[in-house]
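What follows is a group of structures, each given as structure tokens.
Across the two complexes that follow, chain A remains constant while its partner is chain B and subsequently chain C.
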Partner chain A sequence: MGAGISEAGRRLEKTRVRTFLYSMRIGTPVERLHVITKVVLMLTLSTLALHMFNIPVERGGPDLVGLALLLLIVVALLGAARVARYLVTSYLVLALPVLLGIFVWWLYFNRGLPGPRMQLYLWPGYVPLGLSTVVLAAALAALYLRARSVPGPLAAALILWWLSLMPPALDESPMTSWARIPLGAAVAVDVPRWALVVAVAKVLGFAVMIYSTFLLLLTTRDAEVAGALRQLGVPYRASFYASLVFRNLDTVMADYTNIRNAQVARGAMVARRGPLARLADLARISVPLVASMIRRSVEMGIALYARGFYSATRITEYRERRPFTYVDWAVVALLAALAVFDVVLGYRFDSMLRLAGYG
Partner chain B sequence: MPPAVELIDLWWRYPSYGGEGHQYALRGINLRVDEGEFLAIVGPSGAGKSTLCYAMAGVIPHMFSPPYGEEPEHFRGEVRIEGETLTKLEMVEDPSGARRPAFTGRKYAAPTAGLLLQDPENQFLRMDLLHEVAFGAELLGLPEDEIERRVREAMEIVGLGSLFPIAHLVHPSELSGGQKQRAAIASFLAMRPRILILDEPTSDLDPMGKLEVMGAIDRLRREHDLTIILVEHNPEVIMRHADRVAVMDNGEVVAVGGVEEIYSDPDLLRGHGLYPSDVSRIGQEAGLRYGGRIPISVEEGLEALRRERPDFSRVEPDGEPARGEPVIEVEGVHYWYEDGTYALRGVDFRIHDGEFVGLIGQNGSGKTTISKLIAGVYGRFKGRGDIRVMGASLRDRRVAERVPLHVGYVFQNPDHQIFMRRVYDEVAYGLRNLRLPSGEVDARVREALERVGLSHKVDEDPVFLSRGERRRLTVASIIAMRPRVLIVDEPTTGQDFRMTEDIMSLLSQLNREGSTVIVITHDMSMVAEHLRRVIVMHFGVVVYDGPTRGFFSDEGLLRSLSMSPPMAVKLSHAYRRSVDPSAPVLISVREWVAALKGGARASPGRPGAAARGPAGGRRGYGASPDRSGYTFTFSPCPASTSANSSMASRGARSTSGSLGALYTVYRWTSSGPTRERASAMALASSIP
Partner chain C sequence: MSSEQKREYPWSHYTLACCRRGPAPPTLYVLYAVQIAVVIVLSYLSVVLLGPLSYSGISLFYFVYPFIIIFTLWWGFWGALAGYIGCVVGAGLMVGLPLLPSIAYALSDLVPFLVMFALYRGVLARLGVDPLMRDLVEREIRGYRARRSAAWFWFILLNGLVLNALSAEIGVGIQYAMGLVPPDAYWFWWIGWFVGDLLAMVILTPILVKGLTSMVERYGLINHGWFT
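Now for the complex of A and B:
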């Protein structure tokens, strides 16, 4: 069926097909994969990533090379489906600051040993309420009072500078210092030996989870879901209702956008308002949105009735199911092999790194 | 032969789940539709037209079941389909031996009859075109190869045959409203129905969509001999297709008759809040006769006119355009949506203070996009080019945030913009966003409600207002903010004649009082009757900007844009072609009546507004008025220029690259000639 899609697509110059998020190129290897294969791919890669960055020290710590390999697979698949550009040209780009946040968090605030345990490492000593802090607070307050806002990058830079003034509690760290970054005559940021490894591992691991989920959403058509559910043995009506949920989501999103636009047109963004007022606006959207959803569901119910959905006794499945091809089996086998190597046999991909003395 | 559909003394009342019970929506309906007949049903909003369609499809009473034991209070009478009882309420014996009322009959009209509703979004139930069309046939349990054959055939009939090879890849969002409605029709056709019930299937569609759907229905009628029951407002559509017309009001069928009989009685139609045809209005008001009655179609009107001597000098010429300062300036605007959709491809126009302008074009032409950009709905302008409101650029974030204070946007669907649970709070919402003092808020709310005639409903929940009242409430909530420019999106869609007149007189009044009004619309009659200037968009470019008369004068341009002018305009073109080529193009009923009677002076537009300068003492960004030598030198476009717009509508819709026609482009500028000819290819040079 996959080849048929691309052939027809080329013939009629339809080169892309709509997916849950945006669209993908017709005829790519990823487009030919069955939706069940893609779900298995996402779950397996995410599980492996979770396992690799949680390996404790006594078993060698996080497997950086393995994680990088998983991320490489995901990025390659995103590229092959021609969807990678959406990651940087849309709100999906927000994933990058999230990953940066994870990196900073693990590097700076969580200095525990590698493993599943997470701890919030706060400075045990003191907060430097010296002149610099007072000057910083005064500057920020003055800026806010004058402009009613503080530019994000400036605030971030000032806060980072302020954090750098806090003395790192090296004595509390379970390992010795891995790096020391001097910031001034008397100030330095110390990075404990494991913190960097853990931070990098966490970033790689969460990147695998985030981007493999994006891969699923960017390369899966909502139309495929009903057929996949049928293949998993879900009754026709149940699988149809599942696909109707996606159809409804489509219309609800359009309605939501319209309603929100109507609020903006009436000055919702004119005044700088507090978070409570914004939350109230969001709550108010529910009034017309729910009314619209009810109206749509009634009309959809009527449309179903008019087509005889409720009276149908024998339903034919017409081109609903997509066959599971040898490519799907090959991908599943590869994923199974990876899982066996990593989890069952305990094989590490970072032996080279360990040989260099970092394991 | 039994009738296709028969309603016998049908009464229906919707069940109420709290508060007072509903009134009867259908009151003793007796109606017979013969096999192969095309029956049109007309009636004002709330007349019971949709309810009648539901009853004919069995949706009523089965989808709105009355409470157990109370069935006789909600349903009486009988519905038959092809002689077989579809729904009847009878006393039956339950298992305990007691007798109780119960619905009998076949219950489901499918697959004998199909029912198509108004909103295309709610008709499309699957996630791709192929399965949408196959859905009904799947439910019949047909073999796969039979389904494939029927799907292919049904898609051919509704004009979607070329999409069959890729139908499984076509997402609903990739289809226009017209295509979605045709897909729903095809889905019924694959079930091989003998009756199609269509409840305003084109009212949510653009002109192209209306043509597509009516073309498909016409083909069904001609080639497949289906019985068709169509609820519709447009008299021209009804006159072209229907055999008989049933007029409904207040749950009753008040008149049934042939098309000529019904439409040659404008008083009957107007008495029930319905649209008579332009020609019958001209006929009635100017005393034209055709075969002993009022003419109703363009052809009949033309025949009647041959016996008349219209005096075109009585038609008041177009007045001067508004000379106020430019309040909106759009320069070379290109705009892309986040998903890569290239919506605007170099748009230029200026709107001056006090103008009443129509923004028209097919769906996807970019008219809503540019309007929302102007109103600041999309925030700071990030595209190419520039948009200035009262001299201030929307590229500045602070300007974009504050622009809703100056440009009010009334959305198409009132139900999408009413958030509050009290009429007062609804109007006050925007004012509170402006952080006005409570006294000022109160004064403005009461004034705005007074203006739209809703001051007696100040404490009502908007849910309980009628659709027309909700529409007026949305206008009140915008005008309370006292914007200098008012943009109204599709004010007349889905509204009956009375409601349309109501909303347009309100907008005209606001314009007379100083507001600049921009109306986004597909309603050509409304454009011709009320607006002096139109900006026509097509594939993200402006292809015409000038006087309304000039636009309706160019038949070729209208054809190439798949736009059908009002009957008054068609009558004028027909008159010029076959009676008097030197006659001017008349665009409204008023002008025709003035030419024929001479009593009333026709006034296309509102000359008074033209002389008004910038409104003094109002908010603004400080732009100074531009009064420098604005001259207007429009002369009607000769009919011959129309021949050069040869763009095939289907080709133009699918790919802009085929735009090769010459358009006559009018631009309203503050100096120099107003008319230029340009190649659409050049205008759309950036179209891939």
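Now for the complex of A and C:
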């Protein structure tokens, strides 16, 4: 019988815990880190990324190797936290258009850079059948399997296809362009060569910042933040206030969904309508949403008052407070060393690679 | 202003005083927190519902903007703080934008609202414009005949043009300074920001004021000063 209970206990034992976004597995190396360490990690990586992609061309341009290294660190941490799979199946689709957009903007709207220039096709004057066609088909198939609809994936695949048409070297090489169907006149723009390097650097830097943010959100609980604030000496009421904000996020989201469903059940938002009508629908949701917010606040306020929130002399601390371990100190020290090495002393990872005989 | 003039307007008790003595009542304490949660969720939705074009911190229709306007008019500093935190967390972190740039350019959703609050309560209220904007949609406020054309004039001029431009300038300017906006695309970003906020503001603010302000006032939940 005892064995049965322990078996049941093992089955009931918590293996995952809810975080800001989704949930995380308990016991991974990243989960064991203190929330302050994770915030320092994200801020340091973001600062380094900002610094590396903003190095002016006159001082050698962006540090692509350093940025790639940072991205590798973030991906490794996401893997160690066992949240990479969730990220790939949910937010990757959201983040890719951002990165693609950043690339295109920085390629075409950054023409004041010095140095040699290069041609990029907006349209090569023919439809090349070759590598670009493979890109189109593969992207369309992959995105269709994910979304199970045609318009969105087709638009995304066409954008990728158009990007693969831009380099003249690809279109004109018989290796990558096997046949050509003439269509219209060629349109090309003249951009600095450095613009391509800067665009790639921006994409890498943004990827570092975006995915390090996800690392924090996917591996941090709201109560941990309140506990950490107390450890930092923030007064209880301010910590509790922060905790109230974060704990109410789910409730507000649930309210929004309930009100929306109720209105759909009454016939709102059923037919496909113009943008203005959809905005009016949104406004109709907002009024009951705010009304329910006020009602809930009144109830919670009364509950706080009844529990002696203002008169309590002894408060119960958050259970989620955890000690700052040696591992946390080691990670923070490593990050500080990296920041000093790169930002203060001005070392570049690509020049180190060159010194080592690569590149 | 003489005491007779003060009595003339039914909103004279809404001022720019700092706060009342003692802590805020628990209901207000909770409300200030919950409204931040609401703004975070709406900021998140205003970016996510409109798809990838809403990224880079710029939504084509940032429909949370009118909420921040009326929350600031109701709850002063806390409403503007909700705008700031909503921009950092909801329109920033929760959709995967980096923390560091978000913290910086979200100032664009803090400063203009604080200025608006000061102008509405400090200047326009004395000129006969309701600091809660009820005169945008009401003909009469507690027996006082509302000046609708003046209210709309100041609403469009201050919120729609001046403060919206300030918001776009702060937001896009900080992004540009941090190397997040390409040099030749500054004005594309700026106009996108300006138009996205303007549309939402003009369409939704009157609806929200009409549906909610009287109710919130009836509950006695509107701040008399900046903080409580």
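For the reader, a short list of remarks on this structure follows.
Convention: the second predicted complex is superposed on the first by the 242 of 359 C-alpha atoms of A that agree within 3 Å, B and C clash if a C-alpha of one lies under 4 Å from a C-alpha of the other, contacts with A are read in each partner's own complex, and residues count from 1 in each chain.
Basically, a contact is a pair of C-beta atoms (placed from the backbone, for glycine too) under 8 Å apart; a residue touches a chain by one contact, two chains touch by 3 or more.
What you see is a predicted model, and the numbers here were worked out from it, not measured in a lab.
With both structures placed on the common chain, the touch criterion links A:G308 to chain B but leaves chain C unconnected. Using the contact criterion defined above for the overlaid structures, shared-chain residue A:M300 touches chain B and also reaches chain C.
Of the two partner chains placed by superposition, only chain B is touched by A:G267; chain C is not. By the touch criterion defined above, A:A223 lies against chain B but remains apart from chain C after alignment on the C-alpha atoms of chain A.
Looking at the shared chain after the overlay, A:Y241 reaches chain C, while chain B stays out of its contact range.
By the touch criterion stated above, A:Y347 is placed in contact with neither chain B nor chain C. Applying the stated contact rule after C-alpha superposition, one finds that A:Y318 touches chain B and leaves chain C untouched. Legend: residue contacts after superposition of the two complexes on their common chain; A:L43 is shown touching chain C, with no touch to chain B.
Residue contacts after overlaying the shared chain place A:V252 against chain C, while chain B stays out of touching range.
Residue overlap on chain A between the chain B contacts of one complex and the chain C contacts of the other covers 91, 244, 246, 251, 287, 291, 296, 300-302, 304-305, 309-310. Those residues of chain B whose C-beta lies close enough to touch chain A in the complex are 54, 57-59, 62-63, 107-111, 114-117, 119, 121-128, 130-131, 134-144, 147-148, 151, 162-163, 165-166, 168-174, 184, 187-188, 191, 338-340, 372, 375-377, 379, 401-402, 404-405, 408-409, 411, 413, 415-421, 429-430, 433-435, 463, 477-478, 481. Taken together, the chain C residues at the contact with chain A in this complex read 23, 25-38, 40-42, 45, 48, 52, 55-56, 61, 63, 67, 85, 93-101, 178-179, 182-185, 188, 203-204, 207-208, 211-212, 215-216, 219, 221. For chain A in complex with chain B, the residues that touch the partner chain are 5, 8-9, 11-12, 14, 17-18, 22-23, 26, 89-91, 221-223, 225-226, 243-244, 246-247, 250-251, 254-255, 258-259, 261-271, 273, 284-285, 287-288, 291-292, 295-296, 299-320. Every residue of chain A that touches chain C in the complex is listed here, in rising order: 20-21, 42-43, 46-47, 49-50, 53-54, 91, 94-95, 97-98, 101-102, 105-106, 108-112, 202, 206, 209-214, 216-217, 237, 241, 244-246, 248-249, 251-253, 256, 276, 279-280, 282-283, 286-287, 289-291, 293-294, 296-298, 300-302, 304-305, 309-310.
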